[in-house]
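Below you'll find a set of structures to go through.
Next come two complexes, and both contain subunit A; in the first it sits with subunit B, in the second with subunit C.
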Partner chain A sequence: MRKFLLGKILQYAIVMAVVVSLNFLLPRLMPGTPIEMLGGEGVWLLSQAERDAITAKHGLDKSLGQQYIQYLANLFRGELGHSYNWGQPVGQMIAKRLPWTLLLTGTALILSTSFGILLGTFASWRRGKKSDILSISASMTVSSMPSFWLGMVLVAIFAVQLKLLPVFGARSPWTDYTGFRLVLDVLEHLILPVTSLVLLTLSGNFLLMRYSMLDVLGSDYVFMARAKGMTEGAVVYRHAMRNALLPMATAFMLNVGFMFSGAIVTETVFAYPGVGRMMYEAALARDYPLLQGAFLVISITVIGANLLSDFLYPLLDPRVRRPSREH
Partner chain B sequence: MSTSRLREILKTFRRNPLGVVGVSILCAFLFVTVFADVISPYDPYERVGKPFEKPSTTHLLGTNDIGQDLLSEMIHGARISLGLGFVAATIAMTIGTVVGVVAGYAGGIVDTILMRMVDIVLVIPFLPLMILLAALLGPSFWNLVLVLSVIIWARPARVIRAQVLSLKERGHVVAARSTGGTVAHILFHHVIPAVLPLSLAQLILATRTTILIEASLSFLGLGDPISKSWGTILYYAQARSAFLTGAWLWWILPPGLLISAAVLGFAFTGYALEETVNPRLRGRR
Partner chain C sequence: MTEIGALLKLRDVSTSFFIDQGEVKAVSDVSLAVRRGEMIGLVGESGCGKTTLGLSIMKLIDAPGRIIGGEIWLNGVDLMQKTEKEMRRIRWKDVALIPQSAMNALNPVFKIGQQIVESIRAHERVTTKAAWSRTKELLDMVGIKAERVRDYPHEFSGGMKQRVSIAMALACSPELLLSDESTTGLDVMTEAQVLGLINELQSSLRMAVILISHDLPLVLDISDSLAIIYAGKLVELAEAKGFAARPVHPYSQGLIHSIPRIHGEQETCESIPGSPPDLIHPPEGCKFHPRCAFAEPVCGEDEPELLEQADGRLAACHFAERFGGRGDVQS
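And then the complex of A and B:
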């Protein structure tokens, strides 16, 4: 067991090292001189001495190895550089935006998992019936739609045509609501982006739960429980569902990654002030420090969630505490 | 692959209603892609009307912000969206098949190293990495293809490897090995032909993913601005706030429905083919 966990930690450490190194190497592998990227548009107006000053300031006159060590040292101090466009420290800018993304993805994650469990259990119970087939077709159709497009359609229908919900943002502008009014305002703005994120992952959760339930319902101990004369409700909820939930725990953690990636487009559609939209803005403005900072933060979150799921799973399921080599 | 096996696959596939629907959808898109110049009423790159025109008999889906015909844009968009998705998926599948076959057949340290690489690629969140890459490389058709295929190869590689592992122990492969068949002979005569149908299924399923991701990247303004895909059309619709007016009905709805239809076509075909060539999957749903 310990060997398994150590192996996992080593594996994720390698992934982290790859991500951190990619973040360092990619911009340096690109065509064009680094000064072009660092100085932005106006770089050609500068004199040679000014250019040298910029190069020296960012340590670009040193060797690649020295630059890498400098980069790692900065990273450990939480120093991600300054945004070209805003001049602010990247770390601070991300910290300001991160709570919104966490609120958005967290809400969507909980809702998507809960609905997936409920619908999946229900569908497995009615296997082969009309409602089962209908829900499978519906989930396949929804999962074929681009999530950003679903978001645009939701805005057009519910915000613009029906005027039920706000069109964009996380709070109403020019207001200073407090207390309950503020909570209500934030929730109102949350509904549409959360819906489009939930739709992005719901069909996966639903199909997984349904498959997992069918698997468990066909097992010997459920047969035994039925043979003992337990009621159908007790069989489904007390026996089958508990074990069928196990794969959902892994899916939950993996969905963190989907949600964070999905949040980039969703936040863009709804002009939601999270890290995802910031990454989009940085990409369009070619604001590389900000772009790389956002990439790093999102990657670390996703990799952390994966690591956590690998650690939690053996605690939840005793059967995998001694895993075989091939899985 | 022998012709009898091919015929058998075709026969099983035809009995799968999902697959028939999928192939029909794909055929319709193939037709539109090939005959785009003939079908589309206007040149999508010419200004043929006033900006922001509503649908009429002259412009069935209206015009965009600079007076280009939207229907013609969408017909030509099929070429970019589907073409780019297919090319990227093909490159990714070629890498995936090679990695899967080598890892599965060689085993040992080669297998371990390649599969660790697969694990790494699978864990890195792909959309942020693609955005970073696309922003650094700059927008163009081939850069998008490169960015997509660099990420997509990993999952199919794992599927192919599993298949190769089980193939390796089958009678005719073991026989070929024990009678002194060279590695090249075994790979090209026994392993690769047997893996190809599965590769094809994976290719079709991967195309579904590349189409969706291409749409996302283009929607974020990281696509090729010169050759407009369905995602690019949606980018302009968003940038010109088409969702604030009635224009969403003819500017936003159709490209999304086209993407969904194409993705469903690839998904149905891929699942049906996977079930046909991999009997273990049959009857699981």
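And then the complex of A and C:
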């Protein structure tokens, strides 16, 4: 077990090193010189001396190796550079927005997985019946809709037409709610974007759980549980579901990354003040330091989530926790 | 074979599977009695309905299958009259099963002990502690160290898993035990050990055991009686002792003659020509007649009944007397 954990940590350390290095290399592989990126359209007006000064100021006259060391040193100090567009430190900008994205994607992830498990179990139990076929068709239909369109439809119906929920943002502007009122306000703003993200990922979770349940329900050990005279509840929930959840744990891990990319579109549609919308804006403004910082933070979050679930998975599956001695 | 005081009595049990292509008559009109403490071998080719018959006794036939008729008397109670909820109490308590593929019959995420304990506690009001200590005794009985009670199935070898399955089957001391091809997939040595264990436990615990197998020589020596099943029908029911020398039904003869012999004269071992019939459209008359070397026109028209022969055995063949009269037919 200890060997397993050490191996995992080493594996993730390598992944992290690759991600950090890619983040360093990518902007340097882009066409054009840093001067053109920094100076924008007026760059041709600058003299050679001025160009050299700017290059030196940013340490870009040094060798690639030295730049890499400098980059790592900055990274350890949490120094991610300044946004071209807003002039603020990238670290601060991300720190301000990351909690919103975590709230949005975390909620969506938990709901999508839970609903997927519940619906999938239900559908497998009703296999081939009307409700099973109906729920498969419904989930296919919803997941085939583009997420930006789905988001706009939700806004049009629930916010604009029915006026039940706020149209955009994470909090009502010009208010200084506190305590319970604040929580309620945040939740109200959370409903539509979360729904949009959940609908986007639900069908995958639902179909996986349904398939996984069907697979397990047909297994010999579930048959044996029935032969032993266990109650229907014990057979389905104790014996079948416990095993059917194993692939869901892996899906959960993969969905962490997927949720972040989904958040870019969803946060933009709902003008939600998270990292996703910030990345969209940064891309439009060619704000490379900001983009780079956001990529890095998201990568680290996804890797962290994967590491966590890798540590949790053995708790679910004894075959991983205690590899066989006999074979 | 007397029905008086029998532990299990089947009367005209029929089980079919209703699939798109039609009705698969997996078991038709099987009548059979099993005495307390009797070891009976239920033998037939793959797909002849022997497993379906076994599972019908526990009423564990899933859709699209259904027991379409008959009576299943266990301990003087007709199980056909029992609801699913009542069946749940009967399963494992009165009749338990050693499954076909013990390799997969244990849930991979639970300790073997937990799986035995839960089967005890599903039927008896005992403390967890008492259930665990009985589980350890059960494991000891099948030759597994009690300390392995907290190990997971994947930590056991195939033969060991089969022993765990046997321990689990004995958890509530059932009077009737079904062993469904429970040694298939094990190597020959392990197979012999496991079968020996079942035999040993059967006599020490005075259980009735139905040994379902495709392997006649395997069950021949340890069974008290034999039930030969072909295309969902019983074709012969006889004492195991001396059966090899005098099989009556031509199908039983075929099974005996397909056994390679080590001792005695060099003989070619014969296989039964043809393949098992389509159970959706079974042949008219005797179901075996298309493959039978002795078939006559009547065999394709009338279905022979399972009738008592001179020596007390039952056989379903129009010419049973001819074969029964001559003990040395074909050998």
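By our rule, the second predicted complex is superposed on the first by the 297 of 327 C-alpha atoms of A that agree within 3 Å, B and C clash if a C-alpha of one lies under 4 Å from a C-alpha of the other, contacts with A are read in each partner's own complex, and residues count from 1 in each chain.
We take it that contacts are C-beta pairs under 8 Å (C-beta built on N, C-alpha and C of every residue); 3 or more make two chains touch, one makes a residue touch a chain.
On a predicted model such as this, the values are computed, not experimentally measured, just so you know.
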Overlay on subunit A: subunit C relative to subunit B, clash or fit: fit
Touched partner set for A:Tyr237, first subunit B, second subunit C, both or neither: neither
First, second, both or neither for A:Tyr177, with subunit B first and subunit C second: neither
Subunit A: partner with more touched residues, subunit B or subunit C: B
C-alpha centroid angle, subunit C to subunit B via subunit A, nearest 10°: 80
Which superposed partner A:Gly229 touches (first subunit B, second subunit C, both, neither): second
First (subunit B), second (subunit C), both or neither touched by A:Phe311: neither
First, second, both or neither for A:Asp220, with subunit B first and subunit C second: second
After fitting on chain A: smallest Cα gap, subunit B-subunit C, Å: 15
Overlap of subunit C and subunit B interfaces on subunit A (superposed complexes): none
Touching residues on subunit C, where the partner in the complex is subunit A: 58, 60, 87-93, 96-97, 99-101, 104-111, 118-119, 122-123, 152, 154-157, 160, 168
In the complex with subunit A, residue positions of subunit B that touch it: 116, 119-120, 123-129, 131-137, 208, 212, 215-216, 219-222, 231, 234, 237-238, 243-245, 248, 252-253, 255-256, 259-261, 263-264, 267
Subunit C partner contacts - residues on subunit A that touch it in the complex: 219-231, 234, 239, 242-243, 246, 316-319, 322, 324-327
Subunit A - residues contacting subunit B, complex: 11-12, 14-15, 18-19, 22, 26-27, 30, 140-141, 144-150, 152-153, 155-156, 160, 167, 257, 260-262, 264-265, 268-269, 279-280, 282-284, 286, 288, 291-292, 294-295, 298-299, 302-303, 306
